[in-house]
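Before anything else, here is the set of structures, which you'll find just below.
Each of the next two complexes has subunit A plus one other chain: subunit B in the first, subunit C in the second.
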Partner chain A sequence: MRFTRTRHRLLLLVVVALTAFAACGSSGGGSTAGQASGRPVSGGSLTFATDTEPINFDIHVSPQDVTALIQRNVFDSLVYQDSKGAFHPWLAESWETAPDLRSYTFHLRTGVRFSDGTAFDAEAVKLNFEHVVAKTTKSQFAASLLGPYTGTEVIDPTTVKVSFSQPFAPFLQAASTAYLGFYSPKALAENAGKLSAGGPVDVGTGPFLFSSYTKGQSVVLTRNPAYAWAPKGAGHSGPAYLDRLTIRFLRENSVRVGALNSGQIDVAGSLPPANVKAVEANRSLQVLRRDASGGNYNIYPNTTRGPLTDERVRKALQQGINIDQNVRTVYFGQYKRAWSPVGALTPSYNPALVGTWPYDAAKANRLLDEAGWTGRDAGGYRTKDGKRLSLRWPIVPSLVREQRDILGQAIQEDLHKIGVEIVRPSLDAGTYIDAIYSGDYDLLDLSWARFEPDVLRLAFHSKSTAANGGQNASYFNDPDVDRWTVTGEGTFDTSVRNDVYAKTQQRVIERAAVIPVYTPSYIVGAASYVRDLTFDTNAWPRFYDVWRDKK
Partner chain B sequence: MIVRLLSGVAKRLLAAVVVMVGAATLAFGALHLIPGDQVSILLGPNSAASPEVRAQIRSDYGFDRPLVVQYAQYLSNVVRGRLGESYQQNQPVSALIGGQVWPTLQLAAAALGLALVIAAVSAVATAGRRPAWRSLASAWELVAVSTPAFWTGLLLLTAFSFQLHVFPVAGAQDLRSLVLPALALALSLAGVLGQVLREGLETALRQPFATTARARGLSQLAVTTRHAFRHAAVPLLTLAGWLTGTLVGGVVAVETVFGRPGIGALILLAVSTKDMPVVMGIVLLCGLIFVVTSLLVDLLAVVVDPRLRAEAVAV
Partner chain C sequence: MRTVDASPRVLAVRAAGARRRLADVPVPVLVAAVVLAVAVVVVLAPGLVAGSPTRTDPVQALRGPSWKHLFGTDQLGRDTFSRVAYGARPSLLLGCGATAVSVAGGVLLGLAAGFSGRVGDQVLMRVTDMVLALPPLLVALVVIAVLGSGTVNVLVAIGVAFVPPYARMVRAEVMLVRRSGYVEAAVGLGLRRRVLVVRHVLPNALGPLLVLATVGFGTSLIYASSLSFLGLGTRPPAPEWGAMLSESRDFLSSAWWIGLFPGLAVTTAVVAINVVGRHLQATFTGRTRR
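Here is the complex of A and B:
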């Protein structure tokens, strides 16, 4: 093609100018609704746009966040966990925990009906849990929430006992998630194979009915007028306020933000940090957020391989990265840097760790010198016995989220300054998973959100390696941490849990088994007439209490 | 004569079958060339699936059988129209594709039609005209060709949806929601087609028959549309047919940007989750589209160009 470079550049300039103009012109006036919350009114519909589309709608199968986010409106759980972590009655009016934590007895609420008319009873609980663990269900997540499950016993129509082969304290939290929600027994019997596809076959007891699903486009939920069993702790009781909730799938960030700005949707999920300031500045919009709990976005050094077996080298990495500045720059000040492997909203978070391991390049250099990495090669990297201090940190481009690749470049640059080389081979998902299982890496990055400090056991217990279905990417092995996390898993006593989990967090930081980086935040942009939009413990928006102010 | 015709048709069909088997084999090969354990891949990283679930999946999908057996089983299933079941969506692949194919066909057909119209207007209006018009037209065509469809889509959305509120941002609920995605996809196609058509028209206009036609007193427009156009139409058709086969790539991007249902959403989901049965099904579908459009193009070429009729029979 005969087309010169200068013309190309000119074209680019025109296009950029065009978009820049378009971006500037968007924030409209509109009436400011103010923050004073009036009396909720019933009626109207709401459109929420999310960036991911469920692959599978079956809550008992799918491990996806977005599946639970949507289906939470359609399915209820036995218990309800409020945003502070306390448990409240929901489909279970009360419950007793066996002293050895091997069984839980639930007294079910009466009068609850699935939207197909079937009654919710003890038999329904049993059928659902059996569906979760059935081999044919191929559960990718819910079955792991049931842990050492052995069976469910129907004691009478409103009493049910769930048993485990060993003490299992995390069960109440698990039972509060949408993944352990309840399908109508009729739906399970007649449509077990079709639940994955979504639509009206997904029958639950929730405040909304699953009316339709158009792949690639939207899910439509309509109000369940019979709903009268909202959990204690929710904003109201009775049916939901909204007549209809439409969930649109708009993968492209700029499209989601543009649609919000132009009033074509009411709520936009996963607002990119770069756009937050602009949405905040728009008086007809509001920004709502909640930080994720559970495992932060952390980097895990492989403590069983090469230079990182030396704690001093790990410590040098921990304090040789300017985390504050990197996180602030990449995320426009919207995400918080992390001091602990778990987020600040996680129960038993240890706030004493804040500020205990600041950026200190001088100290990092000293530690590396002490560890014997005193030589320097032509590239400016440290050497020991002629070998370069080079670490392998694999990356899967197709799985990169939240610009973590760019954050990784900043980290690479910081470590270069203290003479550490970071090599980031691009792998496809298959090779990457093989690398995880075989421990063929020096550094690995992960985030694992869950409102439960038990993630510390998953991440640091010596038996919890990838091969055993765990997350111990550091291959960390500390008998104290093993004991503490097992104690925490086996008790409800808050003071004991606070104690053991605080010690665990401190120990893994001290021994540099982890480099916490940032706490992801779920940021939502919404029109100002959208009221009472709150977040659950997973930081997913909740729609049951939402109502539209006028308009 | 009839025997010759039939043998020509038979050869075509045979070639089509070879293409389809080739596509199926490539898809199967790709599945098995992907590094890593198949079950781990389909479960994805961070999966908490138990070893029992893994074993169940392994036997369900026949990963534990020899490769040759798996291949034979796969081919025989394909012949019987069974494309298997999606790993991730627990639904038959044929149902998934069947449910998504209609909005995509709508979009592709609208885009192709629009592209042909734009290309024809732009080329006919400027072929053999003043250089200023020509270079203006070919400049916009180059811009259109070199702009990726998703970017055009974003610009169109910004202007006509976010600013002017003329068209809805996304979806496939009515004709109005088809306009912007079809236009985004059509512009780059129109760029290519317009260039080729103008080239063809100008070559034809330099032929002696064009001079003759003009000598009979026909206007420039009449010469171009009635005489030169037919000549230039054959390469245009061939190219349009080939572009239709490659349209799927553009469709993925455009459907994603506009949040439209269709094969694009399915491909993206399937590729990003390594849902190989779906990927293989879509590869077959693309093969089929390619085969069908080439057949159609060949037929149309014969209709347009009388010189090809004798040859077609002789094939």
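Here is the complex of A and C:
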């Protein structure tokens, strides 16, 4: 039973990693809509269109990005992480971390009320975390954010202590996500089974109330007039400016862009790179963006199987693909090519890797010759002992997004030029998961973003394989990397973290355990009157500060 | 009495005749030309087209039609003309193969139903009715879910989805032939069932079967393209019309040529084949009437 559950969870994780933009980006850069012209005005409604629809609205269960994106407006967290990664008080006014990083004590803000009138207190924190980890909740993501959680202790109504069985530095970041937001204990008690369906039963403390959900159509959120506990670091305090926020589900790219152009929606999420130029050229529209952080879109060679056990062959792949040109062409210059397995906005990103492994077909050919793949067959592919250099890279058509199938064809063609055959069997999601479990692939592509360099442990620690609920798709095994990533997980010391994570990034590139391709970017098209639309560290738009400038 | 000839009825008949002649003359020629052109492309694609359909050239991406690239280039700089030309093969192969599967399945099932007596007939035909009630695309998707995707599986899936119409038609033909006087006489004289099937049933069924198969071929082609559009057919980067259409979706406003030409190819092929089917139908029903 346990096996099945883990499998199930992995399936969902993979689906999420593939379909949704998992996680996190952050940073910086020009994410404020409009030039701060004038003072914000309250009122009006806004329609935002997204390309995915939540399968499950329960933040404690769903691993989907879109669930968190929507529910962020309905649920608050203990702490707030600003776009630079710093933590600020939110529902917790202050907190202390035990020296051994095994427990965190939070002092809660007073006067916070859920929209059903009940008070937010230490007991609510305890009940919510217990709900997350309860077996019956079947959490697919939130429970993993709590990591080695052992329990929550109510010290007094405004003080609560969360404990872990081992040092757990990533907890503050986890506690800032919408996945660890707080339901009203009354809602948890009365409607635990209905939370996943969305609607008014999803009662939180957030700036908006969940008014209605029409499947296949839209979610309607209305302003919470009593809201007075905005996080420090937000653009304003008090209730949200918008009376109403409608989230529409428009899956087809051309439809979403068309709706934006014709004014049927005010903001279009996941703007396709092909349309960015046209939207930028339109004076009544604007483009806003933020790069993701955490795991880039990377290709992972299976280091335990066939030709790719040879590091030289992996190196040849790494430098035999013209990543610069392919990424520029397929994404119209809108996404950045990647040099490290993690995005440039991720804390402890190693900028020294930039330019260290450029496209070099001659070198790739030389490496393949050295590795003994010197023969050539009728198809122009390399052979060794009569066997063709052929690699299996499965694809799930229904989960393809961001033109990754097209990018894959460009990569296929580049590798063809150096005599490597790439075979891309199309699988359904279930078969794909089986392939991941059994390691029945030579290459696998994933993006897994989170505003945390701990993704490196998830992706490269030798114990972090699929069977253990991890994502080490390369089956990479390097004792140094194991040691470094565990050190990073157990400390807050920035210099130590920078050091171990920089070394990890360099090592996995040197040993060609990964071929970083590009850093996904969340690009939003919006009408020019939409003001103060910003992004959180997950690169998801935030609507609390947004207002309409009708000038 | 010449004036009698000009009665409205006679005029109408004449007009119809004239229309018929008018329609008869150019259409087969036109259609034959189209079908021939498609056939030439299918057979000779590698010789006709200089560029490889899979060779990428990112610098030349999304260029409009020109002398160098008649149909322009796609988002990876591949020549759309050579992709449409090479794409004809898998597309038509899927259409032909799927129709062959349907015809074979339909003939077997129809014969079985026609000859298996009251109970067997009822069972087989009610099952056929049930399958007929489901949308063919749904049946095809179920088959693919079981078999997995890929060209051959898509071919089988569409073939299976379209078995029922053929089965019904063959069964009807069996019933008709079995009850005709000459066959009853022949059976009375000791004609064996095998001979009955080969000499009498199948030749009689051939005409309608051919008509249905021609029309069915066009339909199969559309379904094959639809499944490829959904990413279930031919494996990229090999070109296929439906898959090309799918890839062009995001460029409808910025690069119309990526989608227009494969779309035109599917449309032309299907229309041409359907016109052939209609003509065959006219010919066969004409013969029956005579």
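Convention: the second predicted complex is superposed on the first by the 515 of 551 C-alpha atoms of A that agree within 3 Å, B and C clash if a C-alpha of one lies under 4 Å from a C-alpha of the other, contacts with A are read in each partner's own complex, and residues count from 1 in each chain.
Methods note: a contact is a pair of C-beta atoms (placed from the backbone, for glycine too) under 8 Å apart; a residue touches a chain by one contact, two chains touch by 3 or more.
Computed from a predicted model, the values in this text were never measured in an experiment.
Asks: Should the superposition on subunit A be reported as showing a clash between subunit B and subunit C, or a fit?
Replies: fit
Asks: Classify the contacts of A:Val342 with the two partner chains as first (subunit B alone), second (subunit C alone), both, or neither.
Replies: Neither partner.
Asks: In the superposed arrangement, does A:Lys138 touch subunit B (first), subunit C (second), both or neither?
Replies: Once the two structures are laid over each other on A, A:Lys138 reaches subunit B alone.
Asks: Return first, second, both or neither, reflecting whether A:Asp428 touches subunit B, subunit C, both chains, or no partner chain.
Replies: Touch status of A:Asp428: both partners.
Asks: Between subunit B and subunit C, pick out the one touching the greater number of residues of subunit A.
Replies: Of the two chains, more subunit A residues are contacted by B.
Asks: Using the superposition on chain A described above, determine whether A:Val524 touches subunit B (first), subunit C (second), both, or neither.
Replies: Neither: A:Val524 stays clear of subunit B and subunit C.
Asks: One more residue to check, A:Leu533. First (subunit B), second (subunit C), both or neither?
Replies: A:Leu533: touches no partner chain.
Asks: Given the touch rule stated above, what does A:Val455 touch, subunit B (first), subunit C (second), both, or neither?
Replies: In the superposition, A:Val455 contacts neither subunit B nor subunit C.
Asks: Please state the minimum Cα-Cα separation between subunit B and subunit C in the superposed model, rounded to the nearest whole Å.
Replies: 5 Å.
Asks: Starting from the residues of subunit A touching subunit B, keep only those that also touch subunit C in the other complex, and list them.
Replies: Residues 252, 254, 398, 428, 431, which sit in both footprints.
Asks: Please name which positions on subunit A make contact with subunit B in the complex.
Replies: My answer: residues 1, 3, 8, 11, 15, 18-19, 22-23, 25-26, 49, 53, 55-56, 58, 61, 63, 135-136, 138-141, 143-144, 193-194, 196-197, 214-218, 248-252, 254-255, 258-259, 261-262, 264-265, 396, 398-399, 428-434, 436-437, 446, 448, 469, 471.
Asks: Touching residues of subunit B toward subunit A in the complex: what are they?
Replies: 34-37, 40-41, 43-50, 52-53, 56-57, 60, 88-91, 96, 99-100, 103, 142-143, 146-147, 150-151, 154-155, 157-159, 161-163, 165, 168-172, 255-262, 264-266, 268-269, 272-275
Asks: Please give the residue numbers of subunit A that touch subunit C in the complex, ascending.
Replies: 252-254, 257, 272, 274-275, 278, 322, 325-326, 328-330, 397-398, 400, 403, 405-406, 408-410, 412-414, 416, 424-428, 431
Asks: Name, in rising order, each residue of subunit C that touches subunit A in their complex.
Replies: Subunit C reaches subunit A through residues 54-56, 58-59, 61, 75-77, 145, 148-150, 230-232, 235-237, 247, 249-254.
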